[in-house]
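You will see two complexes here that share subunit A, one where it goes with subunit B and one where it goes with subunit C.
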Partner chain A sequence: MIEITINKRKISVEEGTTILAAAESLGIKIPALCNHNILKPYGACRMCVVEVHANGEKEITTSCNYEIHEPIAVFTDSEEALNTRRGVIEMHLARWPNVPAIKALAKANGVDKPRYEHPLKNESKNACVLCGRCVRVCSEGIWEDIITFAGRGAERKVSMPFDKFYERCAGCGACAWVCPTGAIQVTNEANHPVRPKMIRNWGMKVTSQMITLDDQQCRMRKIGTGNLVEIMDDYDLLPTLNYQYGSHENAKKINSWVWQNEYFTQGLPDGCWYGCSMSCAHAIEKFELKTGPYKGRKVLVDGPEYETIAACGSNIGNFDPHYVAELNFYCDTYGIDTISFGTALAFAMECYENGVITKEHTGGLELTFGNKEAACEVLHQMSRGEGFGMILGKGIRNMKKLFIEEYGADLDFVEDIGMENKGLEFSEYVTKESLAQQGGYCMTNKGAQHDEAWLIFMDQVNNQIPTFENKADALHYFPMFRTWFGLVGLCKLPWNDISPADNAQTDEPHKIPEHVEGYCKYFTGMTGIELDSDKLIRMSEKVYNFQRVFNLRLGYGTREHDRVPYRAMGPVTNTEYESRQERYDKQLKEKVGIDPESMSTDEKRLKLREYREDQYRQLQDAVYKRRGWTSDGVPKLETLKKLGIDFPEVVEVVKRYPDV
Partner chain B sequence: MDTAKINKIIESYNRDADCAIEMLLDIQDEFKHLPEDVVRYIADEIEVPLGQLYFVGTFYDVFTLEPSEDELPQKPIEAFMKQQNDKRIPSKPDAPSIVFRNMGNADAGEYKSFEKVLETMSPDDVISEVEKSGLLGRCGFGNPTADKWKACAKAVNDSSNPAYVICNADEGIPGAFAYKNIVESDPHSIIEGMLICAYAVGAKEGIIHIRNCYSQAIEQMAEAIEDARAKKLLGENIKGKDFSFDIKIRRGPGAYMNLDLSAMLESLQGKPAIPTASNVPLTEKGYKDMPTVLSCVETWMNVPVIIEKGGDAFKKIGNSGTKVVSLVGDIVNSGFVEVPLGITLRELIFDIGGGIPEGREFKAVQVGGPSGGCFPADMLDTPLDYAEIEKAGSIIGPGLIRVYDNSRCMVEAAKDSIEFLKSECFGKAAPDREGSVILFSILENISQGNGKKEDLDTLKSICETMSAASLSGLGKSAGNSILSTIKHFEDDYTGYFKN
Partner chain C sequence: MIQINEEKIEWRDGMTVRDAMNEVKYSFPLVIVSVNGKVIEQKHLDKHIINDNDKIKVFHLISGG
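On to the complex of A and B.
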């Protein structure tokens, strides 16, 4: 921290802070035209001049780009600073006499009529004042570099290349939004929104949060979802060796810094949605493959995302980032989901290590954890429809059946460690210590994924939903809220992978209220229909219940289908128990009320299991109730009525079940 | 579009996006303009924004977007300079010679000073020798060279970032034209100066940025570098020591940067030469954001001599060394000449320059090119010394000295200067850009007989605003010619006023 004075008032600032920012925090206003709080300082308009005294010397200097590195005394309105500022404003006024922003600055600073005629006077109200905000936001914010300056000296102007419309412009409107004069206007609203301004203003608000806050929050722009690897590892949530553990000493070899510094190309516009300022899609360029049909070729790998890093990395015991990327590439190329592949392989590996399957079944493949070459080989087999790849490719549910029925595997063990629900492989979070997330994974319509609800932090880390009722509320609200993204076709990431600076001060920070409101504005702006958060939830609730009924019609969707493989609830083996013994013993003592002192690990593990399974049952009761379902998980008639989806065909399906 | 031909050009720069401007220079050469499809192709191939290349293409005079068979129009002042400035004139017989010491000397390229440094001196010794010499940057605002080296060495130490040592021979400021001759006559001393600096600050990479149109100088420099590499004076583990340094040549379009060094670094990265706005010095965050020592050709030439003679001895040559100046205008001997610093303007103009031709009388001298102030006869005893000239209201800059005889009107002189600055201004910052346009229009108005007395106050106030608020050195010093001519030649102005 450095202590400086501004107009004789003392303030301590972080080294590198600009004078303009320091003054602002004291409530001292300095006129600044080219500066914009989401952009890097540029130093073009020169209106922000102040007087600075440093080391016994005095100078007039611009404040927007002056980084403070030593104790200085600043005078924002000394006579010399004021005169200089007026001189600069006068030049602007002489060239652009009718631009409201310039007129206002002139008025506020006591500049009247210019003393001279400007030979290039432009009397338009919306003249471009060459502040460069548009050029900078397109470059720094959107990473597109479409709009540009051209020419030299007095000829300088804002333009697109070769002075015509550049077809790569994303039409994001960011340039128009930052323009202080309206020189850039969005004229063609492709989708004919009812209230385009409402949408644009909201979009730009999120964009500005992205540009200014992302570096301190999720680093989506640098690394994307991969930022989660070390966080998950720190909280014992990173699935390792088929979800046995939540952290690993080698996790650092595949953490986000490795991807950011050694693999991902940086600073490119988003490859997923043109003009998106989050730009979370990251890619590895010129990646040389070591296996498979494209061996030796240099390719572009789209990713990896967090889920892929965990699935094709820690969960199968692979801590070689190259192979994570290799599996990522081939999964994409073959059209295979990286999560299902990784989780299924992790299951097969654990089975192999426990003798459930042997080389005989795998066709000679050594399917031990961490065998990255074998992992690639299975994947290639899968694509060719050969060998063990054919078996793995059918997914965990089918493998379990096969292993039990044909290979004589122990049913309980295989059911406990086969991480699927409704036939879908788990995505990559260890849920042992988060009851709510167990529900989030399994009391679902789609199977074990985190797209419907991701409650681990809220539940386990921040303890924001302690009671069954709280958890049930969350398991009502979030699946509905998240379903809505699918309904309207909007990306979910700008909801919570960036938060407003003051989000923590809101009533319900985990919901990110400001952003929920923003999504409502998108909807209202597009359709003209007013929407608030209650109405939004109601919209989804209809669809969500309808989906549940649909599941029922196909023979799923009751309580039994919401079952959790025990690996997702607690330690299946003694080794697992003992690896986190302190935590489990403590729970036995404090929650279950038994003294673990004299008990064997077997006994303790079973007691814990009893307790946890019971907890889950209670949660099911609470959630079904909250969702308006019977205790078997079937939507009640009154619920369907309330939601207005009590169509005869729907009613017919649920009527078959008791208590509806 | 002949992609094979364009690919060849791109490949010849290893597809390096930093070399975008050089690629465009080749394209301009080949097609006599920058065809849109070619520029688009290059942008995609080397992955730089199309807008950046378009901006470059519209920023530098050497590029045209439309095909044209004609030679590019030359600016009047450039033509004038070329004609007057391309020859060397003799200095006084006993004058010390530093920059031109090796002209025509076959022994050049022995690198004795560098070897002395390598064998007997520590980096700190080197810096303290340079400090003692009192060497000031030769073509800018005369900042102490040792300060830059110290700051850079410290930044390297603190950050362990790689540092760069760069030589500016791309400067398009009138007067810097003499640098072409310097590079041609003694490229080895530039390399040697840079080597010594690299050793002192701990740099491994050097760049010599030369104007594309100085083809002879480029060739000579390339040969000298090869030669030095062959003698193991450049490259890995020089002379078997734990010191490695190499230099590459980068061609530039030539721009009037008026020694705005950050602008030059931009052009080295394939962007228009426009100053970035930061108060963090280049010695900390320069080329590619790394610590950088950037000096002009002439400054580098001095370094081996400082080591050879010792800093104290160097200091005693003139006022800390010599300066190459270009004498132009109404003067008998025009051309460039090396003179000891401290020599008076009178000696310079009358003894060396041979005085004013054709029986006219001396009226004024403008020191420092278009950004400089104009001095009347009673200031002729001002010594050519950085501090003294600044006190008198001008800069030495790259050493352009223009003499006016008594047939000249100083309003016209000021107008010419401003006209040049107006066309060369970067255009980024408002006072620099608008100020020069406004100043020119007021001067024109006056010279057409439409001025009034108050205009002088307006001119002065605009010059003050520009000097305080401009971003570029060009803008900051733009007012010198006007302020000095109003001060010393007010009659020339009032002569135009009707009442």
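On to the complex of A and C.
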């Protein structure tokens, strides 16, 4: 810390702080025009000049870009500083006499009217004052250079290349938002929103947060969701070897820094959503393929994202980033989901390692964990509808049936380790230590995925939802909230992959209230219909219950279909138990109330299982009650009525079940 | 001894909040940290020195793709 004085008031600042920022923290306002809190200091307008005394020398200098590296004395309103500032303001006023921002600065600093006529006088009140905020936000904030300064001296102006409209401009409006004079305005609202300003203001709020906070938070713009690899590994949540474990010593070989430093080549905003300031998708260029029909060709790989890294990496024991990218490319090319592929392959590999299937079934493929070449071959076979690839392509649910009925597999073992619910393969999180997340995965309408609710930290790390009722509340709110994104077709990442700087001070920081409100504003701005967070949840509840009834009509949607494969609940094998023995023993002692000392691993594992399965049953009771469903998971008539969806066809479906 | 969420770890002289978080591998960046009930700003986590018997609460926001 460095001690300085500003107008003789002492303040301690971190080295590198600007004078302008230090003055602000003391409540001393220094006039500035080109400065903006989301942009880097620029020093263009020169209005923020102050007098600085350092090492016995005195100078008049701009305060916005003066970094403090030694003890100094600053005078913001000394006669010399004021005279210089007034001179600068006078020049601005002479050239742009009717711009409100300039007039206000002139008035506040005692500049009446200019003493001379400016040869470039522009009398428009929306004149461009060449502060450069728009040019800088386009470059620094949006990572584009669509507008820039053109011309020199008197000819200097803001322009697109060759003075023509540049079609790369997505119309994000960031330039207009930072413009202090209104020289840039959005006039063509292509989608005809009812209240465009409401949308833009919220959009820019998120963009501002991306620009200023993302580097310290999730690095979405640099690496995207891949930032989670090492984090999940640290918390024992990274699926490894078909969800047996949550971390691996080789995880570092596929962590985010490997992708950022050695693979991703495009530091550009991607085309996922034109103009999006989060730009979380990333790509590998000139990637030379080692297998398959395009072997030897150099291609562009779109990704990988976290889920792909875990599914086609750690979960199948593959810690070679090249092969993660290779599987990513071919899944994309063949139109196969990387999550379902990886999770299904992880299951098949564990079956192979346990003798459930052999080379006879795999057509000679050595399907051990980590066999990356075999992984690629299965994928190529799947695309051709051949061999074991054809079997894997049918998914875990069908594989389990086949292995049990045709290959004589042990039903219990296969059911325990086959990570699917309602026929959908699990996405890539280990849920063993979070009961709420087990519910998040399986008390769902569309099967095992984390899109509806991700509650692991709330449950496992924060211990924020300790009771069944607390968990049930979370398993009501979050699935409803996240269903809403699907209803309106909006991306959910700006909700929780960037967090406002003052989020900690809110009542419910885990919900990121400012961003929930922002989504409501977005909806209202677009449609004109007022929306708040309660109404938002109600909108989703209707759809969510409809979906449940739809499932029932197709023969799913009751309690039995919300079953969790035991691997998602706890250790299936003794090896798994022993790998986290300290944790499990402690739970037996503290939660189950038995002394594990003299028990064998088999006995302990089964006791833990009994306890955890019972916990899940109790959670089901609480969740169904909270959602207004029967104990079999069927929406009650009163729930359908309350939501206004008690149409005859709907009622007919649920009436077949008891207690509705 | 200090407490960080549910875990108890050894205290050592000069330990910062970040040191304690590293010890229990709390690497997730979207967290709200308080020491004895007082919220510590993100930028001070590396410098804030903790005392023996302090209680650190690290509130993790929601993650998950």
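Note that in this section the second predicted complex is superposed on the first by the 658 of 660 C-alpha atoms of A that agree within 3 Å, B and C clash if a C-alpha of one lies under 4 Å from a C-alpha of the other, contacts with A are read in each partner's own complex, and residues count from 1 in each chain.
By definition in this document, contacts are C-beta pairs under 8 Å (C-beta built on N, C-alpha and C of every residue); 3 or more make two chains touch, one makes a residue touch a chain.
Just so it is clear, the model here is predicted, and its values are computed rather than measured.
Enquirer: Between subunit B (first) and subunit C (second), which does A:K8 come into contact with in this model arrangement: first, second, both, or neither?
Expert: neither
Enquirer: After lining up the shared chain so the two structures overlap, which partner does A:I147 touch, if you call subunit B first and subunit C second: first, second, both or neither?
Expert: first
Enquirer: Identify the partner contact of A:R95: answer first if only subunit B is touched, second if only subunit C is, both if each is, neither if none is.
Expert: In the superposition, A:R95 touches subunit B alone.
Enquirer: Classify the contacts of A:T61 with the two partner chains as first (subunit B alone), second (subunit C alone), both, or neither.
Expert: first
Enquirer: Using the superposition on chain A described above, determine whether A:K286 touches subunit B (first), subunit C (second), both, or neither.
Expert: neither
Enquirer: With both complexes overlaid on chain A, does A:H192 touch subunit B (first), subunit C (second), both or neither?
Expert: neither
Enquirer: After the superposition on A, what does A:M160 contact: first (subunit B), second (subunit C), both or neither?
Expert: first
Enquirer: By residue count, which of the two partners contacts subunit A more extensively, subunit B or subunit C?
Expert: Here the partner covering more residues of subunit A is B.
Enquirer: Please give the residue numbers of subunit A that touch subunit C in the complex, ascending.
Expert: That would be residues 216-218, 225, 228, 230-231, 234-235, 305-307, 427, 429, 450, 454-458, 461-464, 478, 496, 499, 503-505, 509-510, 512 of subunit A.
Enquirer: Contact residues on subunit C for subunit A in the complex?
Expert: 5-6, 25-30, 32, 39, 42, 58-65
Enquirer: Within the complex, which stretch of subunit A touches subunit B?
Expert: 41-47, 49, 60-62, 65-67, 69, 80, 83-85, 87-88, 90-92, 94-95, 115-120, 130, 132, 139, 144-156, 159-162, 166, 168
Enquirer: Can you name the residues of subunit B that touch subunit A in the complex?
Expert: Interface residues on subunit B, with respect to subunit A: 36, 39-40, 49-55, 58-60, 65, 272, 277-280, 422-431, 433-438, 441-442, 454, 458, 461-462, 464-465, 468-471.
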